[in-house]
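Please go over the structures that come below.
One chain, chain A, appears in both complexes that follow, with chain B as partner in the first and chain C in the second.
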Partner chain A sequence: MSTDYNNMWKELGLDLDAHNALLEVLNQGYKDIYLSQENRPKSMEYFDFVMSEVHGLRIKELVDAKKEGKKVIGSYCVFVPEELIIAAGGISVGLCAGADFALEEVENYIPRNTCSLVKSAIGFKLGKVCPYLECADLVVGENTCDGKKKAYETLSEMIDDFYVMDLPQIKNNTGKELFSKEIKRFAEKLEELTGNEITADSLKKGIEIVNNKRKALYRLENLRQEKILPISGLDALLINQISFYDDPLRFTDSVNKLCDELEERIKSENSAYPSKRKRILMSGCPMAVPNWKVPFITESLDAVIVGEESCIGERGLRNPVENNSDNRSDLIENIIQRYFKIDCAVFTPNKERKDHILEMAKKYKADGVILYGLNFCQPYTIEAFSLEKELEKNNLPAIKIETDYSQEDMGQLQTRIEAFVEMI
Partner chain B sequence: MICAGIDIGSRTIALVLTRDKEIIDTRITKTGFSPVSNAKKIMEGIKADKITATGYGRTLFEHHFNSDTVTEIKAAARGAYEMTPSARAILDIGGQDVKALSINESGKVTKFEMNDRCAAGTGKFLEIMADSLGFRLDEFGENAVSFQKEITISNMCTVFAESEVTSLLARGEKPSDIAMGVHVSVVKRAVSMIKRVTPSNEIFFLGGVAKNKCIKLILEKNGFKISTPKDPQIVVAYGAALIAGEN
Partner chain C sequence: MSTDYNNMWKELGLDLDAHNALLEVLNQGYKDIYLSQENRPKSMEYFDFVMSEVHGLRIKELVDAKKEGKKVIGSYCVFVPEELIIAAGGISVGLCAGADFALEEVENYIPRNTCSLVKSAIGFKLGKVCPYLECADLVVGENTCDGKKKAYETLSEMIDDFYVMDLPQIKNNTGKELFSKEIKRFAEKLEELTGNEITADSLKKGIEIVNNKRKALYRLENLRQEKILPISGLDALLINQISFYDDPLRFTDSVNKLCDELEERIKSENSAYPSKRKRILMSGCPMAVPNWKVPFITESLDAVIVGEESCIGERGLRNPVENNSDNRSDLIENIIQRYFKIDCAVFTPNKERKDHILEMAKKYKADGVILYGLNFCQPYTIEAFSLEKELEKNNLPAIKIETDYSQEDMGQLQTRIEAFVEMI
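Showing the complex of A and B:
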């Protein structure tokens, strides 16, 4: 990082030594996994810069915005509508964590057999190493899986303003009613926190900003469907990950610029890879920064990840919010409609997800599917069983991978993924 | 053309030399704590036109020798298919891995399962259990066959199973009866893997554990028809040598 941010971090209450240790691991991992890739698009420079300043300049922007009276709202899930946060004049940041931290201490609060994502969220709080979390004025949890739901009880004791949004588990009228009430309750909470009224105008603006961001990301996803691979799966995943932290307008602009370059690369047949690769669709649990383990193993082989059916991927991007009204309650209803469609595995039944995976496999011309699950994530690892059969029925080879953030299973994972790539 | 296949497993290194698909030499050694130097030792005096490395040490080997690599899954399929072209289901129980694979009529892998991190139900598991029961590994199977009473070992985790065995001994159970329970638990795990990849009950069984007669016997009792090559530890290296010649 170019500037000295120690004072800022200290003021945010970070544990400087622990935080430095985390940054060191992050920077080394980024160098080994990202900067070692060959023939990357030039426009990735922006995202490299964002990553190099992920705990620096971006945090300074947030701190400066707070000084001007803006509120920062952190959340752990794609069910929390960014449109509402922007409409209330707030800044939305994703808090999902992708690295083990203070594991031993975490296991004093939650059991060992909790998924890495939840453990990491608590570890980052206990270790005081996440500046996003520390500068958030409000932290929003959501009742998706049991692991998160119960862990939020623990987290809420450590965080001043912790808000829990309830979620239904069935997509019927009763579920919809609950969801609708919860979105409206959240809107009220945001108005109370920011002191700003959410109006039709501010909603339209918020919807437009987020739709444009998703549209830019979708443009990127479309380019990955081409036979010529203009970008690695790792880089595309990174961009999706950064979409949760970065300023939405600047981010959208940068993704569009990158897509212009990628279109040129496709035209001039300038692939990110010198030879043909097997095309893999990654499906399942989200991969938060810096959880690049399975994509890294996969792309070190003769394979490329062409798409992510994940919250950090198409599951989180699908379906724009309709922006066709000047009426506040219509617009809120549109937001409810859109978010209620998210096919997270906490819903039962969840046929939409199966259909979406099959549709994506076809669109992205996938040769095989990796069903990625974090250990102890029941919703996704259970769905993987029936999905594997369904995919095979459709002549799509699939492999179930269950893992965590540790490195101890690298050898076996490598062999299993490599054999899968050889097989397809 | 002379081709070499080297299989650097977690416990054993196997080397096979072929000329026109015929095996002309085989060597086996322990992997030990220095896989590279032991691999170098086993390669001493070997002149091959092509080398393919496989097994968990394949990438390490690739860096030290000018070789290709292939996974032990593909190599196992290739070796087994060459030895028994009618084989459609393969079980490989090695030092720290269990693998079940199904292959089609042209020898291509169509589905596989492999343990995803710990050594439960592998050769290492049997080794530790033999040790706790006071048997030599090579006589473990035979002793188990002479069992008189059925005992169920419920823990697959090596560490937990070891304490389970200790408490069974303390209760006065006979070592050979417990040994049988240990073998049954290994087979149970292997069978569930086989069933996930193939409906076939004809199994080509390879890997170090295929030398254990008791495991074979229990598999047969479970309705499987088992064929085992003369030396089950070299099949994967043989497959790698064949792949070297085909690349």
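Showing the complex of A and C:
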């Protein structure tokens, strides 16, 4: 990344030394994990470029947009509707929560026994190393799990405009009502923040943009269901991760271009892998940049990840918003309908998720499922127990993995995943 | 306890060998921790008797009541309104969740990184050693924390009639509406289960019984605010614990008799302790029978626990239900009002709890506060961080303790609490 950004980062209030150190680790990790892969699709060049400029050019675009009066809205969860943000003329960005930072300091604020994702969100703020967070005009938290809900109380004291979206815990009529009110309250907040009215027209535009993005990503997911695998699981995960940061129109275009190339590769039987590999479905907690540990270990073995049942994956992608009305209320209702279907493990019961995993395993022709959980993430790690039994009942081998963002358990994970891959 | 109960236990489906082993440990622990205390109030004899018969005579009473058509409703949380249960002609009992049991087997169902209370609830079911659970006609869970919410999905599969009460996460109007609907839905469930209508008259009676129980316990709490301490913290905790199991009328009467004696003791300056001790407020997670570890360690030092800011303590006791109407809806609304005030850490934000701790510390003349958390209980352990800072701002020394039901950390806890007591 060019050093020309130093002034911009300084103006955003970043800790330049800490930030440089972070970028160095990130770049080295990217080189070791991503650029070392063989026979990658040529169109991955765009995403490599985006990653090389993830704290540079993209931040400059955001800073420039802010100068023109645009508002940047940062969030940590797929329950925050990007359609509404775009409809209000805002820019939606996912916030950094994929790496350990300032861990010791973080543990002055929340317990050691908190999941890495939550610790990371606090650590990036304390360490002043997330330019997305520092240029956000509004940061949106949501009452999903206990860890986030209670940690947001602390994080909100460090951030000027912090907004909490409430969520229900059961998907019944009462829960739906609560959710519906919260989506409408968020729309009002966005109108107030941006000074722009959310109209039927702007909603239709917002829905179209996000639907097209999801459609392009789904196109990619469909290509991963083929016998000939045109792309690695690592690359596909990266693209899903970048979808939270990049300009949505440019991103959609780039994904579609990649898919054109992948279709060609399938036709010419040009697989990303020289020999047949065990097909793994990854299911569970989200993996934010640069949390590539378990996919990297898995694909270093005789295995490939064919799909992600995750917020950064199908859980975040499925169910487009219906865009069939010219009426503002109808369109907002469509957004509510779509987001209320998200089968996050914070809901009880959560049969939809089980059904979806089984459906995905079939579609993606998975040989086995890795139930991926961050340590101390109670919703996903508890749900993994009943899922494992359910999958085995359906003759689908499954393995529960609990880990964090450290590198300490690399050897242990490798041994376990290797044994699993050999067994299936 | 008499062995005459063996048939009863067998009929309830208990595992007699495991249950006998459990009772032996319980009795030995009670002897070591409770009966070894010096200069206890004479009226503690009643509570010693109750404890000696906690799986015997009390269970026989429940079994006899069931034979007469009464229904037993078991629950794990102070959000379940005993007033409604009594109004429907039912009997409310707290369910066993205070000791490790069948731990290895439990970890086949939920992760090791789950709090002891949740593990215990599952363990007592798997081990078939909780006669309260086995004689309950209905078991009520509630969506408080992630651990309970998700573990109830597993527990509910092991229990015939398992009912989940939903809870909101924010105390705003929408949250209140959800809570209100849930209380009314629970009332309907009770009517259906018992075949009894909940009327204004039965509600008034139920509210009166529970208010009187809370009033008697509050009388006890008030006496612990005196400079002369007429009772140990351990004994007071025990009484609060027994309030969840015992017949409410007999219990209330016994607490009032004890309070008469304690008032005499205060007058005659007959303290439970020969010398002045540091006064500790215990705040945080509930302590169910026989989880006496931290109070035992604390009172073995030069300290006494003067109050419990806990579900088994003031959080469960405060705010009587207004009993000022002859109208069913009004009375149910009063119950909703009262229970919605409970300042459990699952709510966000939860300023009421902070205010209540400060108020209690003053009233009970506390020299310091132990912020007690069960390992992996995210709501309380995360809240403890901001509470600690807030208490210190108010010149109240505080210490965060995270522990479980094992005995392994006894030495470490003793060292930490001793240092804290010496420091304050």
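We adopt the following convention: the second predicted complex is superposed on the first by the 421 of 424 C-alpha atoms of A that agree within 3 Å, B and C clash if a C-alpha of one lies under 4 Å from a C-alpha of the other, contacts with A are read in each partner's own complex, and residues count from 1 in each chain.
Please note the rule applied: contacts are C-beta pairs under 8 Å (C-beta built on N, C-alpha and C of every residue); 3 or more make two chains touch, one makes a residue touch a chain.
The structure displayed is predicted, hence computed values, not measured ones.
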Considering only the touch criterion stated at the top, classify A:100 as touching first (chain B), second (chain C), both, or neither.
neither
After lining up the shared chain so the two structures overlap, which partner does A:423 touch, if you call chain B first and chain C second: first, second, both or neither?
first
Is A:15 touching anything from chain B or chain C once the two structures are fitted on A? First, second, both or neither.
neither
If you count the residues of chain A that each partner touches, which comes out higher, chain B or chain C?
C
Can A:247 be said to touch chain B (first), chain C (second), both, or neither?
neither
Touch check for A:402: first (chain B), second (chain C), both, or neither?
both
Based on the superposed arrangement, let me know which partner A:345 touches: chain B (first), chain C (second), both, or neither?
second
Show which residues of chain A both chain B and chain C reach, each in its own complex.
402
Partner chain A, residues of chain B touching it in the complex:
56, 70-74, 97, 108-112, 114-117
Within their complex, chain A touches chain B through residues 397, 401-403, 408-409, 411-413, 415-416, 418-420, 422-423
Applying the document's contact rule, which stretches of chain C touch chain A when the two form their complex?
108-111, 113-114, 143, 145-147, 149-154, 164, 166-170, 172, 174-175, 177-178, 181-182, 345-346, 348-350, 373, 375-376, 378-379, 381-386, 402
